[in-house]
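The following pair of complexes shares a single chain, chain A, combined with chain B in the former and chain C in the latter.
Take a look at the complex of A and B:
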């Protein structure tokens, strides 16, 4: 470590690491140097001249945002010269600025407004008329108001450097300069909206938020995005029980300022007109509105009849990739102990079980990578998946790792994914060739000559390069499952340093669903049902018997329904008809199809009973991201008529005569912390909004068949069934591009 | 389609610069000379050849007023109204042009023969008021001289460049 640098700012001694920028050094001793173009993590611009400070022995004022500190530097930010300069700079910035703050979206949270309040002059010397331009609609989600723009270039830089989309430029010159989009008058991009949030003024505004409210009139609640598996923290702005905006206002959480198009705009399904508001009960072949009591009593009575006539083997349960850990945990408890069946599964989008087993067998359960490990990694190996679409935050963190500290990215993929632009080595294999490449890398089986275009030499080169790296983070998609995960882990652990792993699953709580045991053969925490001790431990906690024999997996459940063996199916927050491409006849043999859903999905349409479930914005609880980090959802609003899956499960259990004593999601969480291996997490960390890593340890049974684990391959603009009910996600032209299109 | 001649020209120009992107402005001028303006195709081709994003080429076009994204007239009249020319009647010359041709700043006559643009200093202050038609300069312009010039240009309906 190089010697720290000592300098003085406004008479205060400061000690910082070499290479620190003056503006950052000042922050450390609580001295604010105003700036617009400077943004931590982006390249330096030096455009706005707001951060000029006096440095002794330098003839003119210097920009603090581009000056690197040196030993013995004496800096003044409080001289009359600096104060006058700030005043002048603001006067210049306001020459053409419309001062329409009373109607501007940014009013109240505008960096220019704040700077003028603190450092500006009360009057202007410019008497000329202001240049005016009409606002421009770059897309349905991004609008540009030229007169408000102060040309800080943050939007251009975040689009180039952060997103690698390069959709913005600067057009014309001098007083007529303006931000221009890449397709004439239109933007063609990922529509992430990073440019809107990063804009210090109200020049770039959001198509869904603009002119809706004043920022001080809404309540802000930090919660977790419900779309992909990355677990971005997002702040929902709610007014009159309507979500108006989502952004990560305080840059807290593992995503910092990052949100993708789904995180920033895709929450609007919450307020969709098509949300179910009342339970539906099928009477004379038609679904009709019913009361909660009627719907739930009917369900329980029908279940009791089926259980009495056909036994617990006639009832199956399908869980969700989006419901909370608490709900998933209760769902499997309900299935195993109240219904007495292990026929419980969910749409598995990554083979988490095999990763847990492989790491447990290798004694390496400290090797689960977190999101932070990805951005801090020096070396990354990405096998399969297309994070740009399926895991936008992870793609962002990978780009950060490459750009900020020169990490090497190695890719094995059968498609030309966009991240190859950042890669050191990109190994394109034949379709579905990822697993074969892993087996070859692991020395399990030689690679076929036609595996990759350049022959097997490229594979050897990749193996050699990885051997020279250390602390590699290995990320893999659904292409790698079952025994191949084991091969990958075994091989990865022989690499130098502390190799870490991430299995990339699709949705907000795909990982949690597996962790909480929404699986036919596995109890919570990846404890196999066949393990008597694990079973007894849960049995004594729940004071109920758990059937010892493993249940049916989701494919066998469908086969069981077709064969007439399964008479009742309970579905919570899933749309198996669509996900598994079931035909209309597939579920008709059921005597009871109960669906808890937000919308009348293809599955809900077939049901006898549909109950309206609460969305992520309407409930509390925890979710676990694909890296295994647990974060807390916080209830933001209420939707009349709906109930959370947790409330629904508690009501069903009560009607079955169960005396469950849970009062709140937190009570369930306490039980999870106490009982689920790997989930002994500190509750306070969770409650203050941290992402708490878990280290599951267990030996779940091997994957039964290869068609159980598959990703939905969502694009940036889709999120399973949910995205269909989002106006914003469907409003942009980019959503119509073929899957995998790189912007 | 860009002509083979233009593509060959691109190759030879790019080879002259140690940094490929330095060739953007000359490439744009050559493309405009051949096509009459800078087409989308030309933007894409130049961006590809010098290894930048198309938006960066578009930025350069916006910066330089002599580069056009839309077709201009066969004779592109650029009248200077900057300070020296203004003091010597440049604005009157511009207005005269506008009246005679029936078009305004950055407009083209319906027959596509003339387009008009009010420009900043042409670097010909010693002969103010000055104007430029395509690449040719005309100095000490008066309304009478301008009328004669317009009549002359109308006669020259052959060839893409006037050579006096």
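Take a look at the complex of A and C:
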């Protein structure tokens, strides 16, 4: 480490590492230097001139945001000269900035408003009229008001450097300068809305939030986004039980200020008019509204009849990729102990089980990478998947790693994904060739000549380059599954340094569903059902018997229904008819189809009983992101008529005569912490909003068949069922572009 | 004997003195208001029922900035904002108050809202007859608070 730099700011001694900017050094000792164009993590601009400070032995005032500290520097931020300069700068900024704060959406959380309030310039000497221009609509989600813009260029930089989209440029000159979309009149971009959030004034406003309310009128609750598997923290602004806005207001959580289009705008399905508000019960072939009691009693009576007539083998359960860990845990407990069946599965979007098994067998369960590890990595290997679309935060973190500290990115993919722009080596393989490439890299099987465009030489070059790296983070999608995961882990662990791994699953709790044992052959914490000790441990905790034979996987469940062996199917928060492309006849053999859902999906339409479930904004609990980090959801609002899956399960169990003692999701979480291997997480950390990494350890059985693990390949603008009910996600033109389109 | 005469004189003087005020006041204009038979008069600054003002074009002055609601110590103002469109223009600025309620169960007529208003949209009128049998009737909606359209803006 280089010697730290010592300087003094307003008489206070400061010690910082070399290379620190003066504005950051001042922040460390609690001295505020106002600035608009400076933003941590973005390139330096020096455009707003707000941060001018006096440095001894320098003839003029200097911009603190571009000055690097040096030893013995003596800085003053409290001289009359500095105060006067700030006042004058604000006066200049206000020459054309309209004073429409009462109308402006930013009023109350505006950096310019705050600065004027603190540093003056309430009186102006300019008597000329202000330049006025009409507001421009860049897209359905982004509006631009030229007169309010103070030309700090934060939006341009965050779009270029943070998002690698480069949607904005600067047009015209001097006082007429303005922000313009780079591609035509309309914005053509990922619609992430980072520019809106980063704008220090109200120049860029959100199409969903504008003119709806004021920032002090809403309640803010930090919770976790329910779309992809990255687990971004998002602050929901709620007024009168209606979500109005989402942003990561306090930059907390593993995503900092980042949110993608789904996180920032895609929550509006919660407010959808088409949400189910009342249970539906099929009477005389038609679904009719019924009371909760009626619907649940009917379900339990029908289940009891089927169990009595055909035994537990006639009942199957399908779980969700979005419900909380607590709900998933209770669901499998319900299936295994109350219904007595192991026929429980979910739509697996990545092969987490194989990763856990491979790492456990290699004795390397400390090698699960976290989101933070990705942005801090020196070297990254990405195999398959398209993070820009499927994992926007991970794509952002990869770009940050490359841009901020020169990490090398190696990509193996059959498609030309956008991240190849950041890659040091990009190996394009033939379609579905990712697994073959991994086997070849691991030395398990020689690569076919036509595997990649540059012949096998490119593969060798990649292997050689990786051997020179250390502490590589390896990310892989659903292309790598089963034995290939094992090969990849074995090969990865031979690389220098501490190699870490991430399996990329699709949805908010895809990882949690696997962790909590929504699998036919695996108990919570990846303990195989065949492991007698693990089974007995759960049996004694639950005071009930668990059937020892592994159940049917999701494909066998469908086959069982077709063959007439399965008479009842319970579906919680999933839409298998759409996901698995089932035809209408596939489920007609059922005597009972029970669906807990937010909307009347294709599956729900076929059901005998549909109950309205609560969305992520209406319940508490925990979710686990694709890296295995557990985070807490916080209830932000209520939706009349709905119940959380947890409440539904507790009610069903009660009707079955079970005496479960859970009062709240926390009670279930305490049991998970005590019982599930790898989940012994500290509760206080979780409750203060941290992402707590888990290190599951277990030897789950091998993957039965390859068509069990597949990703939905959601784009930036789709998210399974939920995105279909979001106005914002469907309103942008970019959503109509073909999948994989790079901006 | 002298005592009796003195007593009579004293009484007469007191009566005359007292009645002199009575008779004098009889000739002065009355200050008592004949409410409710005649309308009461107010000081200009009397803080009565609020009035939401319109501008010279008849558009509502309120832009739904919520500052009145923020200033209100009894939290009696409820607003829902919405955006003006060319076809549906309510106020001169981009935003208008779609809902504007004042709960007179809670209002203490302190005048902070009027003080806070940057557009001079909310003012105190002189209305005071708001007693009701039902507290719900004391929640005034925007339609009840708005001043009528000026004659110049009527079509």
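Rule of thumb we're sticking to: the second predicted complex is superposed on the first by the 743 of 743 C-alpha atoms of A that agree within 3 Å, B and C clash if a C-alpha of one lies under 4 Å from a C-alpha of the other, contacts with A are read in each partner's own complex, and residues count from 1 in each chain.
Everything below uses one rule, namely that contacts are C-beta pairs under 8 Å (C-beta built on N, C-alpha and C of every residue); 3 or more make two chains touch, one makes a residue touch a chain.
Everything numeric here is computed off the predicted structure, so don't read it as measured data.
S.K.: With the two complexes overlaid on their shared chain, look at chain A and say whether chain B and chain C clash or fit.
M.R.: Fit - chain B and chain C, as placed by superposing on chain A, sit side by side.
S.K.: Which holds for A:182: it touches chain B only (first), chain C only (second), both, or neither?
M.R.: Only chain B is touched by A:182; chain C is not.
S.K.: On the chain A superposition, what angle, as a multiple of 10 degrees, is formed at chain A by the C-alpha centres of chain B and chain C?
M.R.: Between the chain B and chain C centres, as viewed from chain A, the angle is 80 degrees.
S.K.: Does chain B (first) or chain C (second) touch A:170, or do both, or does neither?
M.R.: A:170: touches chain B, not chain C.
S.K.: For A:577, is the partner it touches chain B (first), chain C (second), both, or none of the two (neither)?
M.R.: Touch partners of A:577: none, neither chain B nor chain C.
S.K.: Could you tell me if A:102 is touching chain B, chain C, both of them or neither one (first, second, both, neither)?
M.R.: The second partner, chain C, only.
S.K.: For A:236, decide between first (touching chain B), second (touching chain C), both and neither.
M.R.: After superposition on chain A, A:236 lies in contact with neither partner.
S.K.: Quick check for you: in the superposed arrangement, does A:508 touch first (chain B), second (chain C), both or neither?
M.R.: A:508: touches no partner chain.
S.K.: Just to be sure I read the superposition right, which of the two partners does A:228 touch: chain B = first, chain C = second, or both, or neither?
M.R.: neither
S.K.: On the overlay, how many Å separate the closest CA atoms of chain B and chain C?
M.R.: The answer for the closest chain B-chain C C-alpha pair is 27 Å.
S.K.: Could you please specify the touching residues of chain B with respect to chain A in the complex?
M.R.: Its residues touching chain A are 53-56, 58-59, 62-63.
S.K.: Applying the document's contact rule, which stretches of chain A touch chain C when the two form their complex?
M.R.: 100-103, 107, 135, 210-214, 216-217
S.K.: Would you pull the chain A residues touching chain B in the complex into a rising list?
M.R.: Touch list, chain A to chain B: 166-173, 180, 182.
S.K.: Help me check something: in the complex, which residues belonging to chain C touch chain A?
M.R.: 63-67, 69-70, 80-83, 93-95, 118-119
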